[in-house]
Amino acid sequence: MTSLVVEGLHVSYGATEALAGIDIRVDSGKTVCLIGANGAGKTTTMRAVSGLLRPRAGTIRLDGADIFGMRANRVAALGLLQVPEGRQIFAELSVADNLALGAWLVRDDAEIARRRDQVLARFPRLRERLNQLAGSMSGGEQQMLALGRALMGAPKLLLLDEPSMGLAPLFVEEIFSILADLRREGTTILLVEQNASAALEIADYAYVLETGRITMQGPASEIANDPAVIAAYLGG
Amino acid sequence: PVGAIEILSGPNAAYGTSIKAGLDLALDTINKKGILDGQKIALTVEDSAGNKDQAINAARKLVGRDKVVAVIGPTLSNEMFAVGPVTNERRIPTVGTSTTANGITAIGDYIFRTSLPESDVIPVTLKKAQARGVKTIALMYANDDAFSKSGFDVMKAAAEKSGLKIVAIESFGSKDTDFSAQLTKIKGLKPDAIGISALVEPVSGVLLQARQLGFGKETQFIGGNGSNSPKLGEIAGAAADGLIVGSPWFIAKPDPISEKFVSDFQAKNGKSPDQFAAQAFDAMFIVAAAIDRAGAADSEKVRDALLKTNYSGVMGPFTFTSGRDPASTEGVVVLEMQGGKFGIAK
Amino acid sequence: MTLLSTAGLTRKFAGLVAVDGVDMAVEVGSVHAVIGPNGAGKTTLFNLISGLVEPTSGSIDFNGNDISRLPVHARAGLGMARSFQNIRIFSAMTVLENVLTGLHSTITAGVGAIVLRLPGFHRAEKTAVERARMALELVGLSSKSELLAGALPYGDQRRLEIARAMAAHPRLLLLDEPAAGMNPAETSSLAALVRRIRDAGTTVLLVEHDMGFVMDISDAVTVLNFGRRIFHGPPGAIRQEPAVIEAYLGKKMAARLAARKDGQKAIAP
Amino acid sequence: MLSQQLVNGVLLGATYALFALGFTLMFGVLRVINLTYGFYFSAGAFIALFATRQWGFSIWLALPLAAIGSGLIAVLLDWLLLTRLRAKGAPELASLMVTLGAVLALYSAMTLLFGPDIRRLPPDVIGADALVFAGIRVTQAQFLVVGTTAVLVLALVALMRGTRLGVGIRAMAERPDAAELMGIDTARLAALVSFLSGFLAGAGGVLIGLNFNAIQPYMGEQMMLRGFVVIIVGGLGDLRGALIAGLLLGVIEVLTAGYLDSGLKEAVAFAILVAVLWTRPSGLFGQAVLRRA
Amino acid sequence: MTYPPWLDDFLWTYQNVIHALGINGLLALSMYVVLAVGQLSLGQAAFMGLGAYSSALMTLKLHLPFFVVLPASCVVPALFALAIGVPTLRLSGVYLAIATIGLGEVLRAIYLNLDVLGGALGLSGIPQRTETWMIYLLLIVAIAVLWRVGHSRIGRAMEAMREDPNAAQVMGVNVQRYRLGALVASAVLAGVAGALGAHASNFIGPNEYGFEPAVTILSYALLGGIGTPFAPVLGAWILTLLPEVLRGFSDFRGVFNGLIIVLAVLFLPNGLLALRMKRRAA
């Protein structure tokens, strides 16, 4: 059970301010969804939380512990894993090695094997291609690998940056049902999705991000029915 | 003021450093009583790093800014080919102490050298070898530096002239550490002797490897000028035993000037001098004496005075030929390595 | 009239047949969509057409020429342009420069003209800049033309890819998942853009998983599965095609497609 | 004679391979053209020189000491020079430049400290006699070089291919950010690789110094050209490749010198290696970097 | 021309430095051309050697006037670049670098083994024909040409292929041709620099064109940067001047020289002049 609290988060790239002080809470076991247009700062938020970016100011607490400015590998060790935007799989390693890396922090071999079986059962395509170099996989296959890799680490808090991107409709369904399963198992999730209506359907709570500021928040079902949101993000 | 250009940094710094130590030691003595009625010589030593451009820059700085009346050096023959024309243009006498390649003094009327060219030394060495019954010889040399290559040219010519049969000619790079291929090939040809023209490091390497490959006492090793260094014994140890080399000087030379030089050098530097130091030591005296005789720090007069040099130093009696090379080869003795030290070859 | 056709086009990778004897014809002036499950061979097909991958067998005909062995840059010279699924913009160059690079083959000034700054050079550069700005305008990136491309957010990088590919008004524009990373509102403006591009005379061949988008804009659809063509026809026909439903759409999506009103994002489960 | 020449070639090649192992690890894995590698090699030799000459250590003690010492130096230099650049996301070639400056300073400092002369390990640290089999002579030092090289190649291949650690190192090399996200402590892993590579360089310096009886500040610098050729022809980061390319280079050089003309040995060796690259543009075992459209 | 004596002395003293600054500037540009298309060559020293040797032979053996020799000096390197360029185009990055080093070493072996080329003794007695103005005129012309090419579709194509050759090809850039063109252009620049150098210093030897000079030339461009053609020239000037400026430190010269480079790169990893050209005219 893990919760995330972000307060007053500021991030700038050089002179340009990408996040102008945002507050986000992800309560333990909940799924929270972050929606916003291109360039709103969703990816920036994710990277700042997971430690890949050093924010300018603010607080980030994981289960009450301050993780502001902590390096990504230490954040990961606390159970926060991220599926990064653009897949970021290790192209020159095999599919099997990529999965093994996902379980880097897990020491127990039996446990690793168990999770691997789970992941491969979810993505049979990965099982067929265990020895293929990850970089030679198709875009969607890589997306599956990126998600599979994160699941190998059995995250307590999972950050997902557009997990359904590039997936065929059948697989999009699969991804959302996996997220629903994870939620049921108690994993806390922070989700960024362009496919906002699907995301809002499984989320408990949602934030709308516009040019670095939170402009709206509320229970997911309320947000999903907000006319402004529908016009801007759901395509109505 | 006098300038010197030597290699003080980079991979070849060993030579320049040794020369500088010789110059400094000489300068101590000279400046104790001074020249030209008690004036001291200011010696500026510039580093060339073994690089042509830096050597030229150093020469131009010494001549143009420091206004030196004479230049000692540079270290390598290759550098002299680049530096010589520069100093010669400004009529600054330039005295090479370690540049033994052919054609050095032909650069111009102001280029001198105090080191005996190989052509004067090697025939003496070969004669000694022949006296020991050597009839066939294999030659090895470093083909990438001017000193070794021109030493080899001389060795080859001298061997042909003296009727030795050359059974093989093998080359290597002066930075090489492996000579096994060449030595194995030579071993198959069973020559009586192997002549090596290279700097002391590769010569040591050749000898060490030759012993490993089973060359024994029956093969006479003959060194060129580069082998004439106490470092040979330090590096190659017993493997160098039996090598003969012709030299105008050797460390155990039974001569009071030389003995004093060796002990002073050891006292000052904590190690034994090699011939580069010895030659530099003499050259410093020769230049100082020439300035003294010239009566003024004037490079034209110094050049004329240099030509009239008649000096007796560590290396023995010394005069210049009209071609500005050392005149006398009398001092050449053949040395043999025994127990890591050079002694007179019997 | 066909602009592009492939015959028996095949590509194998170490035992895997990524594209398997595909016959396809793209009509001039149409928007033609290629869809299919992940790993079906769509991107490989694009790579074959643009020349980044060599066919194992089969041929590609473009505008009456067999181009199957032509070098990549020469195909661009014939009027072919593409965007990449895994974004490949020049991230150290500015946005405008990226688009200008897309105009490379249309600028005719030679080395002499460049070095001597002959009038021809200035003219060519000026037109190119105008065209580039127009392309940026169309994708909505004009205000960012001087930024370094690498600093753009993901969605904008996608738009830049499209602008770069269409700036030269190619005969054939290949778009690999142009709507990925865009929200439904952005997707529908992209659809409008694609229509405009087509109306301006460019034939568009695209790969996309957003079925609403595909249904909206395409004139013809080819469906690949395991490298093989399993369907070809008008978009309206795919939702009834059992093979396509089974392999790709799923029953839910097929039902939703059947029921959808135009312009609505159709992808939600 | 042919058999002796072949043995000569293999022995020479083994020294190239030994030099190249740590280099290919550092270069191929960390993707840094790190010219300080040659310095670790020299440093190892000098540490052993001191250990044996000043403190009277045996070679069996001096060797690991030198290897560990060089490894630590490598970690220190990596930290001083390269972590900053890595953190800044500097271009690959910046690391080449910074290490170029560093080696200039380091070799100069080393020459100032120890003098430019060639030295050798005490002759009695290892038996000088050659062993003779069927007329072929091999010294004990040469045995040591070949044996160590073989053992190291096996051990390293096992490490890089077969262990989690190896996979982690390769992941870090490709995408440090994503590796961090997996929980990999990239800073520590980079330090580990530096240590390993420095360790190998140091051991190589001692053994090769022992073999050729020539220890001198610039000895590493002089191996660099060959080292580059070997790791690149072998395929960056590929340990087997480094071994095979090293042996190939040694054998070609020796055979050219033995049967053609010793003046041409570099020319022939380099020409053949260039030809190898023409047929295999990413080296013998290298794989082209994958970047899909 | 008459100068006041102090100026005359100054010029004489620093003549070689002044020459070297210009010549090394040209070499840095020759490296820049290659790096600008994303290739890494360590063959620049070899090209320079070809220019130096061929021009020296033309002067010494054929007694051709310098205004013929200088332009002709780029012919051999350019032909050589063409010859090696075609097969090595398949290579990139360090693999190309090693291939070019290999070829440089082969050339070195030729210089060492051919008697007409003087072997290890090199060629000496080359008359001084290089005038300072020639060097700097050529340097200025080279910078101007590269600057203008940089600000054109070619410059954009070069930068694009540096980042992603495949994507550049898709844009219609004939990557192979640009690579070959850059290699030949760089050989021309290096060849001319070699000829100027040979006729500035009386002597050339085979070791001036080997591995170490190749790395030095590369470092000019790396220290300066490759954003504009001025950057590599600046790098060359600094690396040429440093050893001279540091003469006063005698024994510690190398140490300081190295440390200065280290600090420069640590603080300015993209080169001293990291500005990039705006690749858009008007």
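Letters A, B, C, D and E mark the chains in the order given here, with residues in each chain numbered from 1 onward.
By definition in this document, a residue touches a chain if its C-beta (ideal position, glycine included) is under 8 Å from a C-beta of that chain, and two chains touch if they have at least 3 such contacts.
Model, not experiment: these values are computed from the prediction.
Chemist: Counting hops between chains that touch, how far apart are subunit A and subunit D?
Modeler: Minimum number of steps from subunit A to subunit D: 1.
Chemist: Based on CA centres, what chain would you say lies at the far end from subunit C?
Modeler: B
Chemist: By the contact definition above, name the pair with the higher C-beta contact count: D-E or C-E.
Modeler: Of D-E and C-E, it is D-E that has more C-beta pairs in contact.
Chemist: List the centre-to-centre spacing of subunit B and subunit E in whole Å, with centres computed as mean CA coordinates.
Modeler: Whole-Å distance between the two chain centres: 35.
Chemist: Round to the nearest whole Å and give the separation of the Cα centres of subunit A and subunit E.
Modeler: Comparing mean C-alpha positions, subunit E is 50 Å from subunit A.
Chemist: Centroid from C-alpha atoms only, then distance subunit A to subunit B, rounded to Å. What do you get?
Modeler: The separation of the two C-alpha centroids amounts to 74 Å.
Chemist: For subunit D, what residues touch not just one other chain but two or more?
Modeler: Residues 108, 111, 263, 266, 291-293.
Chemist: Which residue numbers or ranges of subunit A touch two or more of the other chains?
Modeler: 136
Chemist: In subunit B, what residues contact two or more other chains?
Modeler: 9-10, 143
Chemist: Mind listing the subunit B positions that touch subunit D in their complex?
Modeler: Those in contact with subunit D are residues 9-14, 17, 143, 170-173, 175, 177-178, 180-182, 184-185, 188, 201, 204-205, 208, 211-214, 231, 234-238.
Chemist: Using the touch definition from the top, list the residues of subunit D that touch subunit E in their complex.
Modeler: 33, 81, 84-85, 88, 90-91, 93-94, 96-98, 100-109, 111-112, 224-225, 228-229, 232-233, 236, 263-264, 266-267, 270-271, 273-274, 277-278, 281-283, 291, 293
Chemist: Considering only the defined contacts, which subunit E positions touch subunit B in the complex?
Modeler: Spelled out, the residues of subunit E in touch with subunit B are 9-10, 12-17, 20, 108, 112-113, 119-122, 124-125, 128, 201-203, 205-208, 243-244, 247, 250-251, 253-254.
Chemist: Write out the stretch or stretches of subunit E touching subunit D in their complex.
Modeler: It comes out as residues 40, 87-88, 90-92, 94-95, 97-99, 101-103, 105-106, 108-110, 112-113, 164, 166, 211, 215, 218-219, 222-223, 251-262, 264-266, 269-270.
Chemist: Where on subunit D does subunit A make contact in their complex?
Modeler: Contact set of subunit D toward subunit A: 164, 167-168, 170-171, 174-175, 177-187, 287, 289-292.
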